[in-house]
Amino acid sequence: MRRIVLVEAPDAVGLVYKTTGVFFDLALNIVSTNEFVEPKEKRFFMRAEVVGEADNETLVSLLKQRLPEDAVVRVETRRAKQIVIMATKESHCLGDLLIRHYEGELNAEIRAVIANHEVLRPLVEKFEIPFHCVPHEGVSREAHEEAIREKVDAFQPEYIVLAKYMRVLSPQFVAHYPHRLVNIHHSFLPAFIGANPYRQAWQRGVKVIGATSHFVTDDLDAGPIIAQQVIPVTHTYRTRDMAMVGRDVEKITLATALKLVFDDRVMVYGNRTIIFD
Amino acid sequence: MRRIVLVEAPDAVGLVYKTTGVFFDLALNIVSTNEFVEPKEKRFFMRAEVVGEADNETLVSLLKQRLPEDAVVRVETRRAKQIVIMATKESHCLGDLLIRHYEGELNAEIRAVIANHEVLRPLVEKFEIPFHCVPHEGVSREAHEEAIREKVDAFQPEYIVLAKYMRVLSPQFVAHYPHRLVNIHHSFLPAFIGANPYRQAWQRGVKVIGATSHFVTDDLDAGPIIAQQVIPVTHTYRTRDMAMVGRDVEKITLATALKLVFDDRVMVYGNRTIIFD
Amino acid sequence: MRRIVLVEAPDAVGLVYKTTGVFFDLALNIVSTNEFVEPKEKRFFMRAEVVGEADNETLVSLLKQRLPEDAVVRVETRRAKQIVIMATKESHCLGDLLIRHYEGELNAEIRAVIANHEVLRPLVEKFEIPFHCVPHEGVSREAHEEAIREKVDAFQPEYIVLAKYMRVLSPQFVAHYPHRLVNIHHSFLPAFIGANPYRQAWQRGVKVIGATSHFVTDDLDAGPIIAQQVIPVTHTYRTRDMAMVGRDVEKITLATALKLVFDDRVMVYGNRTIIFD
Amino acid sequence: MRRIVLVEAPDAVGLVYKTTGVFFDLALNIVSTNEFVEPKEKRFFMRAEVVGEADNETLVSLLKQRLPEDAVVRVETRRAKQIVIMATKESHCLGDLLIRHYEGELNAEIRAVIANHEVLRPLVEKFEIPFHCVPHEGVSREAHEEAIREKVDAFQPEYIVLAKYMRVLSPQFVAHYPHRLVNIHHSFLPAFIGANPYRQAWQRGVKVIGATSHFVTDDLDAGPIIAQQVIPVTHTYRTRDMAMVGRDVEKITLATALKLVFDDRVMVYGNRTIIFD
């Protein structure tokens, strides 16, 4: 049996030793281990992938027993995460995720797609995945988000993927899913925050555009970054040409970030991510 | 004889035809030609590299005669540009340019290096290039810039390269050298404008850092971009690690931009560049 | 009306002038033009995008009349190319093309998918595109290729895309579709020609892997290259990990190449491509 | 005091535990640790960076005592490596290393440059580094290599950097410096092995070129790869244009590889490298 062990604690001498001591005592073989000490605030992060027969309860209780009291311990058995995707009208990121899911390459089970428009329904239903439209017209933002939350929660997802969901979410909504909302932003953050990043990029005359996948926090486009990628552009690219090549960067960047998150390789510390790949 | 012909004009039917007609009549063979029409304001840009014996005066006068009155025509004979480099204390960009110059790879003649500190003198003088220190301590900004301008102008450079010159230049200074000041900024503009971009990048937790080479205009870090490049970073990079890998990106980006500028491949339109490579 | 004009000829003074003279006389406005002279054998290539009302016949006949006899002239009206896709069992490239087609982003109409296995049928039929299985078991290579050719030709495609079609095609088959067969090879050619490139890459211990899209010629994996892209790997990647990240590079590289081909931006000269982008 | 501990052994349960147990007992704080188990032959590799006062002898002897007998243990105190550079006539890689050395960025002390031509002497002597020319004309390969070995060994370098040394070295010479000879090859190996890789690249019509830095072994261009980088090219690049942009990739790739080697981040296993960065 293969498990991921994640440990976070104030740094101290012996944390790796104590953690691997538990593995040793339970005859768990280490497949890989990574450790990082944040240098400013001396905080210790560790991810270990172990193989062996010990039962989970013993593993967790031994770790808690031997590590300092203020250590945070998480043990994940490697399996597909349960997710819900939120979208609006654009299909490139959603379509890419549907194909990866179909191929068994996503390490996640898409329980439903929830959108504020009907336009993506035929695409989603081709893949026999439930599609729910929660229109925002004629309702208050609170009521709309309440309706979405109800739909989302019905599927009990571990993560919610915003695959080009084009409405700003309120802090109330976001607070409900801490470190569980993954977004794709169509610029190389922090450049071009907000609306129309490709138009902003055209106006600035940049020679490279990009995409950023990040956890969503209260502060628009300012959450912890998981993955960023870029692609060169030239003076011949109009806004719509940037948008077209940008779509490829967006879908690959989102997929890259999700793979890291679903494999339990991402730990969040303040507004930054630690990525053990 | 090899020449670069640059034409800029309001777009109209027949501009390529008329320009190449002049080449045909003067038996100039086209080695390469590029043309671009800016789609918003319908402005035409062309760069042609031609080979042949016709004298320059005839070429220019025929082009002016046949092209519309509002066309701007420039003919450059391919030769090393005359430049002055400005720097402060850091040597990575300057050192890279000195080596390229030594190798004959810069397509420019470095007439002098002017700095506001003495620290780079030994490096520059190794290569038998004049070094002038114009210290800024104890003098007003106006007086300092005046002193620099005097030094710079004594060498009559076509371009001034800011190879990590770390002081902000006044609009008065900048206005003196329109489209002739090339700077390297240590971030992927417009992200992290201003001071300490690597610290800003660390705080934001980005996964990619970059460098931008641009012409200097009144507006700090907002001039027309010539070249941008990026490099991935991880959570293990502290500010000083980002600065270290950033130095490689900076020097390559600056050298890339200078090669384009010195080969007459860059035309400026508003705040954007058209690059014929 | 928007048209692409492609000209190829032995180099001579005046080719651009004569070609743009025809555009001028027919009041065709040039949107963009690119020209290249192959330096070894002095061969001239040109691509122009023009807008205007002149009829096609007049355009072609004027070009032929004024250009040298040995010039090759092709005029394309910009429209979706008709294509057939060939595949085997892997779905990542095919799925990506189906999604792009669904989004209207492919600049081509997929008339059918032809495979030598049944496994991809459900995916293709989700998108209401004809799927034909031509199994190779129990038949000679000649008979199998004959059967495929019959199926392909029934759809009269302009291009045939090999989206991970895993059988080697005979020179006889290839000769039937000169410069019309586009393949994706899962390595950075010419490294790792032939079978199992990712295993070869693992054995060699490379730090970067890639994908190559090329026209198919007689000589296996040696046809004119259209696009190549790469992605870094580390010592932790086993062959199957390389294959997984390789799939992303493959699908993006194939899509990039097809966009260039379908937009008439690729001209072939000997074993090399000239790409006007 | 900061130290690097490198451990290599047949994989077994408890290796991390035992190693970090030694650190714990000696009150050595772990700054970073990486571990890798080669999956085919189950071989364990570990690199740890530790800080603390324990003396080196005790550390090594405790590690040897507690780890299995067949474990290989190496402890490096972080300091500049002693190196000799070998070159021929080209200055771009050498010049880049001299500038980095001058800036204190190389993590190595260049004890001498040894070349088979005189042409680089002025450049090297600018930086007050000993330059020795060992001409190969008129002497047998054996005699030439013997003369070089004598020069090299006089400086007792830990590593020898081949910064565009353009002669093939005999297996006898190579055997003298196992895993201590670092070369830069001007292609993306294994593509374009041997002479004139840029001409080969031009002939094949590739769209990307690259450079490879590797340890030298008996088998020409087949040693363990440390770093590879690439850069896109187009149909307009002639062989000499590829060589020009290639020089930038070469110098950055070599510098990247050397940084990894000099920081003790590279372990060699068979023909592959494990890189703990």
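Here the chain labels run A, B, C and D in written order, and each chain numbers its own residues starting at 1.
Throughout what follows, a residue touches a chain if its C-beta (ideal position, glycine included) is under 8 Å from a C-beta of that chain, and two chains touch if they have at least 3 such contacts.
Since the structure is predicted, the reported quantities are computational estimates derived from the model, not experimental observations.
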| item | value |
| --- | --- |
| Starting at chain B, fewest touch steps before arriving at chain C | 1 |
| Maximum centroid distance from chain D, chain identifier (CA atoms) | C |
| Between C-D and A-C, the pair joined by more C-beta contacts | C-D |
| Equivalent interface positions on chain A and chain B, same or different at half | same |
| Chain centre separation (chain A, chain C; CA means) in Å | 35 |
| Where chain C and chain D are represented by their mean Cα positions, the distance between them in whole Å | 40 |
| Residue list for chain B, restricted to those that touch at least two other chains | 32, 36, 236 |
| Partner chain D, residues of chain A touching it in the complex | 11, 13-14, 16-17, 20-21, 23-24, 27-37 |
| Interfacial residue positions of chain A with respect to chain B in the complex | 36, 39, 188-192, 203-208, 210, 224-230, 234-236, 238, 271-275 |
| Footprint of chain A on chain C - complex, ascending | 32, 91-92, 95-96, 98-99, 102-103, 105, 123, 126-127, 236, 244, 247-248, 252, 255 |
